[in-house]
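There are two complexes below, and they share chain A, which is joined by chain B in the first and by chain C in the second.
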Partner chain A sequence: MRSFLTLSAIVTASIVVGIALFLLYFSLPLLEGSGLEKTIVGGGDGDLSYGVLPALVGTLWISLLSTLFALFISLFTSMGLESLSGKRYTRFVESFYEILSSIPTVVYAFLGIVLLLPHMRALFGGSGMSILSASIVLSLVISPTMILYFRESFSTVPREYRVVVYSLGGDEGSYIRRVLLPFRAKSLKVGTIMGFARASGDTMVSLMLAGNSLEIPISPLDGARTLTTHIALLFAEDFDSAEFRSIFVAGLILMSVTISIIVSIRKMGAKDVG
Partner chain B sequence: MSGDRLLLHISRVVVVAITAIYLSILFHIIIKGIDAIVSLGVSDITPAIWGSLTLVLLSVTMAIPLGVSSAIYMELYGSPKIVEIFDISFEILASIPSIVIGLFGFATLIALHRYIPSFRASLLLASISLCILVLPYIVKATRLGFSETPSDHKAVAYSLGATKEDVLFRIMLPSARGQIKKGIFLAIARSAEDTAVIMLTGAVASYGFVDGLLSPFEALPFYIYYTSAVYSDPGELLSIYEAALILICLSAIFIRLSSGISRGGAK
Partner chain C sequence: MKKTFLAVFTAIVALYGSENADIFTKYEGTLRIAGGTAHIPTMKAVAKEIEKSNPRIKVAIAGGGSGVGIKKVGEGLVDIGNAGRAVTDKEKSRYGLVPFKWAIDAIAVAVNPSNPVSNLEREKVIDIFAGRIKNWKEVGGKDAPIDIYTRDSASGTRKVFWKKMLSKGEITPSANFVNSNGAMKRAIANDPNAIGFVSAGFLDDSVKGISVDGIYPDKKHILSGEYGCKRGLYSITKGQPEGLKKAFIDYMLSPHVQHDIVAKKGFIPVR
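The block that comes next holds the complex of A and B.
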């Protein structure tokens, strides 16, 4: 039995290594043949066909913008819920956010198409698909999880702290601003980083709402593709082409982002203990 | 102090506004979805429903034994160094974007296709890829369950001459059962909703009912993605709402179940 357990543990734990090796194996011909620079920026002379730069810029735009929106939403929502805590409906509201966090992203993206795009078209013209549209919907996707995370970290602040603030003549607002936020600054950071990780790894919202443009986006109203949609869109092409290889480069970049995020969260956690 | 009050007021306004936005989109989809079920029946999406159910069943069935036995290995035999390495690798696996796992499945397909030409993007490939996606949840839940096992129970068992296997089957697994169930429910919810993995590994728009492990298949999330890009009449649009409502109910039920158990365990 021990050997069976050992085998399955080794198999499961080495999947990550396997994924990294496969990505490297398939992207090496491109990295070797064209060099790192061309792999990133494409063939030059405006030929962006296999460069991952537009997708990289698109990912940065969409994940930063949506994290920013989501941070605003989640921070104020969790503070607002905190100030209402003790009342009967808080628990109800929390299970409401739990349900929201369980809604599949493809459903959020579909709702973005039918509910948000018509307004974006009316406001800005064009197809309505843009970095902004994708970021708005993506922020609604990641907010419920961030809100739940913030709420959980707020709930571990000892009750006495609030009593002290009140006895010094403060109110709920001063408690939140002077005690809660400074005390939970690290959780707020970690929650935001996790939100960013989800945003940068999401495929469906960007695929369905960002317009999948090949150009390097300059403004939030431009269409864009992300590293994830770059993979989703190109997979059916010729297996030996540079375009095809570039999706594995995109995969490698996404995996490096994931690993660096985990390392940074682990480091913050380690400081927490010390 | 006025800054503090202002902060409080803004927060409360944001809570109301955001909750209203979420409520209205939730109501929108529920009302349209029910409308669709009443007016269309479910005939259009029946293959996708069955496809999703088969897919979830296959991937979670593969993930349970692998995940649970990995967790047992880490608990009983792993040295601290190995356990740490495994922990990190599962943590990375849990956070890798699902499209990258789909890409891995797709790359495996290309690599194998040279040797086994009949192996193609199919239900089997998608299930294996989804199994990889949900494995970390099962491992994590099982390990959490083990860590909650009262250590004096284990100590008593060992002092009575029990072997590691006895302790595993009579004490650790029974006490971890609740957490393992929770992990399984979470895995079900995640594999039911994921689109990025299956779009690279075998989901197609119209194939009909599942007819074999090595065939392409339909699934609810892929149906929503594909149809919302190509729908041409109101009936098709309604059928997307139908698929979305069914998917939301599925996810909500299993996410609720997975957190319900943890609360029960905490008491």
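The block that comes next holds the complex of A and C.
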């Protein structure tokens, strides 16, 4: 039994290492052939350049912006729910976030096309497809997960703490400010990083709403592509082309981003005290 | 009286329809098709007829673009790959692909129906897609920035348009990318300042095709060769087709499909 468990642990771990090596192996011809610099900043001939830098910048823009929006939404929602805790319908309200978190992202993206893009066009002109549009919708995609995570961690604060705050003449506001947020600071960070990880890995929302343009974006109203959409758009390329190879570089970068996120969560330690 | 007439008419249509798809009675199973997105409306109509005449056959149609169609059929992942461009010799020899051309299609420069521009010189089209002309008023339209839409590199429509209309000119990197003819149509229909390119079979009330150098991409100008930006629509098999695959390809080339489906969907039949 023990050896079986050890074996499955080794297999799972070697899959991760295997994927990394696989990506590296397929990226090497491009990295060696045209050099790291060209691969990253681009240098495709004529029709399409294959630089992954615009996609990297696009990924950072969209994930940071959507995490920022989602942090606002989730923090206030979960604090609001906290002040209602103990009420019978709180559980009922929470079940909505569970449903929201399980809706496929393509549904959010489609609703974004139908409901959000016309307004973005009317407000800012242009095609309406932009980093901002994608970030707004993506923030709705990641918020339910973050809300549930925050709620989970808030619910582990002992009930007595609230009683103490109230008996000292405090109210719900001072409980949240003085007890809840400082005691759950770590969980808030971890939840936010998890949201960021989910945002950086999403494909459909950016594919359908960000415009996928190849230029390095400088404002949130510019179109952009992310590393994931870069892969989705180029995977049909000829196997021998530099464009096709560049998706492995994109995958490698994406994997490094994910790994560094996980490492940073580990470093923080997943649990708050008290 | 009217009802009887309708019933008889329906019966005749049903009989006629089933007779045409009759060749499929001896087959069963699933036919997997993927690739070019310009093919999809025609393929769906054909699939519906076949499945109606023989419910034991399922035809699964997916998009992805011409590049996907060629790659998937080459790797044996689908039975038939669709491409809106000719298969290159390299692709043919690597996979042993056999292409069948069943329609001719033009690629139209398309704008939103509310756009007053209805003709552009080809030089202007090239300049617009390269990002050198940025405002519609420079080409006789209203004072509004031009929103450019293009396709990803797996698109056969893009490859042909780039070569034959843009003379391999640059497409600005700030253009928006969409991933099918259908998505292109939807994007242009929703954006009053849009310009893009789409299979001529997809033009309707929601997207306006425009003339280039005074020539509109209609049947007459495509056949006479005056409108040069055209291509074949191909269905590709790995090796010579047999069984259900062969029956499907033969059916695509039959007079019934060529005239009653291909032509009605806005493409030019090859037979």
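Just so it is clear, the second predicted complex is superposed on the first by the 251 of 274 C-alpha atoms of A that agree within 3 Å, B and C clash if a C-alpha of one lies under 4 Å from a C-alpha of the other, contacts with A are read in each partner's own complex, and residues count from 1 in each chain.
We adopt the following convention: contacts are C-beta pairs under 8 Å (C-beta built on N, C-alpha and C of every residue); 3 or more make two chains touch, one makes a residue touch a chain.
The model shown is predicted, which means the values in this text are computed figures rather than measured ones.
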item	value
When chain B and chain C are modelled together on chain A, clash or fit	clash
Contacts of A:L28 with chain B and chain C, given as first, second, both or neither	neither
Which of chain B and chain C A:D171 touches, first, second, both or neither	first
Partner chain(s) touched by A:L53 [first = chain B, second = chain C, both, neither]	neither
First, second, both or neither for A:L117, with chain B first and chain C second	second
Contact breadth on chain A, by residue count: chain C or chain B	B
Residue range of chain C overlapping chain B upon superposition on chain A, of 4-12, 58-66 or 202-210	58-66
Doubly contacted residues of chain A, that is, touched by chain B and again by chain C	113, 207, 232, 235, 239
Sites on chain A touched by chain C in the complex	46-49, 54, 113, 117-118, 121, 125-129, 207, 211-215, 222-223, 225, 232-239, 243
Chain B residues within the chain A interface of the complex	1, 3-8, 10-16, 18-19, 21-22, 25-26, 28-29, 65-67, 69-70, 72-74, 76-78, 85-86, 88-93, 95-104, 106-108, 110-111, 132, 135, 139, 165, 189, 192-196, 199-200, 221, 224-225, 228-229, 237, 240, 244, 247-248, 251-252, 254-256, 259
Residue ranges of chain C touching chain A (in the complex, touch as defined)	64-65, 67-68, 71, 91, 144-145, 147, 149, 152-154, 162, 168, 170-179, 186-187, 190-191, 193-194
Complex interface listing, chain A residues touching chain B	1-2, 4-6, 8-9, 11-19, 22-23, 25-26, 72-73, 76-77, 79-81, 83-84, 93, 95-96, 98-107, 109-111, 113-115, 140, 143-144, 170-174, 176-178, 197, 200-204, 207-208, 228, 231-232, 235, 239, 247-248, 251, 254-255, 258-259, 261-262
